[in-house]
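In the two complexes below, chain A is the common chain; its partner is chain B in one and chain C in the other.
Right after this comes the complex of A and B.
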């Protein structure tokens, strides 16, 4: 018997290699995350840092080949997802693990009405969890639930809109349909890849509030992939900062954003204009994420880091705890004052 | 009287009658309703609004890709609607656009060099450069937007998102514009690429004295870049004024709602509603 309840999601030392025309690229190099129920984790970093591939690895949506996992574990409530049959895995997707993909344009079926697409997901989820729809005729209940979810993501006159086609909806509305679809099966874990970046600011705030409500009331655990530190500050309880395939800083949002220890986290925060950033004073992070086919040895951030020393280029610093759940992988972190 | 502004919109309206079915047309939709705006040389005006507010219609009308149903567009005091073919071509060289998604806006089969050269061919009579002159200008432009000469040989897919948008900006500069319409130019970019492109736009404006019409739904970005802000809602101009005034003392509920809803790193951790977290 394990002494502790396993967390909702545990990713341990996940490595992912991608076969490319020019050789294998080490895309993920030892990603580790522990997510409890009710926690919303922001996964941040520049494009090409492995955020999306980390998210897709949980429901096993990365095609293998070209991908290959040389090491690592992904456990949902202690169950090893990497070892499940494809059939068992399929039963988890959409029901226990909800997923919002990045591209709303291609994620809806253009030949099915919005309400039918939502109701189908609810019916499929209800096969595993009959309580979802309650007693009575299932299809009627599924449509009612579909209308409720559309309403909750802020689609006006939701009931009438059930018979609309995807092409009748704007991009922002389609994105909201996908959010409703990911939530309609009442998943335990939601992985949302840039779910709100295409939305208007007020709608974005409404969706984030909805997700926070589901985390607080129903214990939904969530990975929110974003490059917006503002979204992290507003919506997340925890944050993991990714750089070039691994997590370089992690912890509760209040700790990490108030006392960022990794130079990369600091640079990301400094690159976001605030309400009072004077014109021309934004500090852009120079350079780009390294080519993962020829990643530098040692700390992968060293080539862009103002503090890098020869030691940084020699060995990769491990993630070290700083207290209060805050950890950083840096040889020369800013020492945050705790206590 | 002072010089006329670079661009002026006077009471511009635009209606659409969407098709309801193959034959019947639905009720009219008002995309723009009596919008008046001015942009001076060297000035940046931020246009902020929710989706469907009419921001894209505004750019299409300014570029004369669509005609307004009412109102006038004046360029340096001259009515754009009365431009003949020659004046219209010259106008289009002077007013260029940078699109939201550089991936979609750049031809995937053209190299960066071909992409940046194309406007000089289209606007040959305005730009007036021979082949050698165009090559020199492309080399200059690529440096202006902070890329290296070897980037010119690359295709869009061989560039990062930020680099692609720099090519989009170089293309917009190629015909020698006075006014750039920037349609959410950084919303498809990650934060570091966004910061680089924003700083590039500021630098270009300072060096070239361009006028900007900057469309965005990211208020912090608009605040960072723009001198004045115009808020539009359902096709109507709701509020317009200096950026600082709109932010610090919004007069309308619409402005306040947009400002309050915007995530701000400056004051995040005191906000309530966090699900878990430690103190």
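Right after this comes the complex of A and C.
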């Protein structure tokens, strides 16, 4: 059933090469994703598998050089972002694409008050969408909006907090401020890179609930970059598992977590303790992500895969649909028992 | 606009930095001396016991009087009260030093900031220009320029500032190169901030601590340079009292009339010493990772 409308975000066959001192590294090799409004996608994988670079590639924040995109498209509502001028791209950042970077401790400018930072983003976004701010002088309206947003992300006495400095806030509060900042321009797409990894466990749950609530309220499409299957299970509607620069398994969370087909997905899940995990069954995945300078020609997971055959090492398996939106890039997947 | 005039300094470090500064006795001494010199620059002419001498009046009957109750630092070859001239001379020295550091610092900050931020061939050109300026010794350059432009306060400041900016350009370029990789800069970009805004709002404010430190240290050197230019006769012309010029005149009567040289020499020493101590103290408290 081909959709009549283009999806909110469509990444097609995205390749990214990074120039290093030892030659070009193939960092992304054909990433593909389709995200609709209201969906929360979890992008999971080990460190260094390209999650963050995939996220940064959407608003084109990866510096080129050293990065280079030999192929691929990133379409927002059908418009190819890769073809836009820097000026047009900047108009989309903060306004249509909200972004939360990895570390809440360092993502705020230590020399600016919270309110000024929020108002700046609101003003920049309002330049492209004047309806964003209420009536009255722009600066005043932007500050009012900043207070409203702080209040909505659960910061008490928001109006007084506008004049606070970032160092006066705890990690959880800073993450709330960053969420407010990412959403103040009323974007359609929110990309959050490890939004909870730097936080205490109780705060993690609060932040996840907050983000889910905001996504539901505003019909946002969301990419949640994480290395935690727990976060995926708790907060996401869909999941894409990345390994060494490409997506190896994708689908609705219920499908993928209940019937993981790729050996890598299974390994990731086996490394997470559950309530009923018996002692001694928690298993670490042996080996590490391959050297991207000299990646194996076939399936990049083959060197660590218990089921690899010579065919796996010869050619890379494409993503094949398994039904119910579930797809896997593996020559020998576990056949998910449907029904 | 009150928001724009606020001193942009890393706020997280401010209270701790103040406390660290207060713990160091030498820094406090430096701050005290600097306060004294600044007060003299503001009120010196008013405090002078013989304002007529400051204005250029002479009293040939009282030439070369040794220090006494009436003239604590004696009188010079024209019978002028050395204390009065020295007090009044603070104004020229401090104003000139401050102007030089401010003009040189601002120019260098802009050049280095732009070079570090934009990179590429702009960086190359600006930095090679900076290297070129660093090759020429400061005093020689200032002497040449001042000699060409002629003596006078403005020309002297201009001549010194011309050789003063490269140090700041280098300092700022390095700071900006480090600061532009900080996560909050990428975060600002991700939120749609323009290039100019990223530089002015998110990068430069995070680079001011080392500039403040260098400016404070440089104030001492600048005052010394101003006195040096005055000493070789291409600074401010008499009758405007200036420490370097006073020293130059007094040199001819050394060592017999030693008091003529003592007060201006002491003043230069106190000013330079004070600003250096202050700068060291600021550096230790703003940048505790270690000195340069």
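Basically, the second predicted complex is superposed on the first by the 325 of 339 C-alpha atoms of A that agree within 3 Å, B and C clash if a C-alpha of one lies under 4 Å from a C-alpha of the other, contacts with A are read in each partner's own complex, and residues count from 1 in each chain.
Criterion: a residue touches a chain if its C-beta (ideal position, glycine included) is under 8 Å from a C-beta of that chain, and two chains touch if they have at least 3 such contacts.
It should be emphasised that the depicted structure is a prediction, and the values quoted were computed from it without experimental measurement.
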Clash or fit (per the criteria above) of chain B with chain C on chain A: fit
Contacts of A:32 with chain B and chain C, given as first, second, both or neither: neither
Contacts of A:110 with chain B and chain C, given as first, second, both or neither: second
Partner chain in contact with A:230 - chain B first, chain C second, else both or neither: first
Which of chain B and chain C A:125 touches, first, second, both or neither: second
Angle at the Cα centre of chain A, taken between the Cα centres of chain B and chain C once the superposition is applied, in steps of 10 degrees: 70
First, second, both or neither for A:295, with chain B first and chain C second: neither
Superposed model, chain A: greater residue contact from chain B or chain C: B
Which superposed partner A:61 touches (first chain B, second chain C, both, neither): second
First (chain B), second (chain C), both or neither touched by A:165: second
Superposed arrangement (fit on chain A Cα atoms) - minimum chain B/chain C Cα distance in Å: 5
Contacting residues of chain C [partner chain A, same complex]: 3, 8-12, 182-184, 186-194, 197, 201-202, 205-206
Of all residues in chain A, those that touch chain C in their complex: 59, 61, 90-95, 99, 101-103, 106-112, 116, 120-121, 124-125, 165-167, 178, 181-182, 185
Partner chain B, residues of chain A touching it in the complex: 38-40, 46-48, 170-172, 197, 200-205, 209, 212, 215-216, 227-231, 233-234, 237-238, 252-255, 257-258, 267-269, 271-277, 279-280, 282-285, 288, 324-325
Residues on chain B engaged by chain A in the complex (per definition of touch): 50-52, 160-162, 187, 190-196, 198-199, 202-203, 217-221, 223-225, 247, 257-258, 261-266, 268-269, 271, 273-279
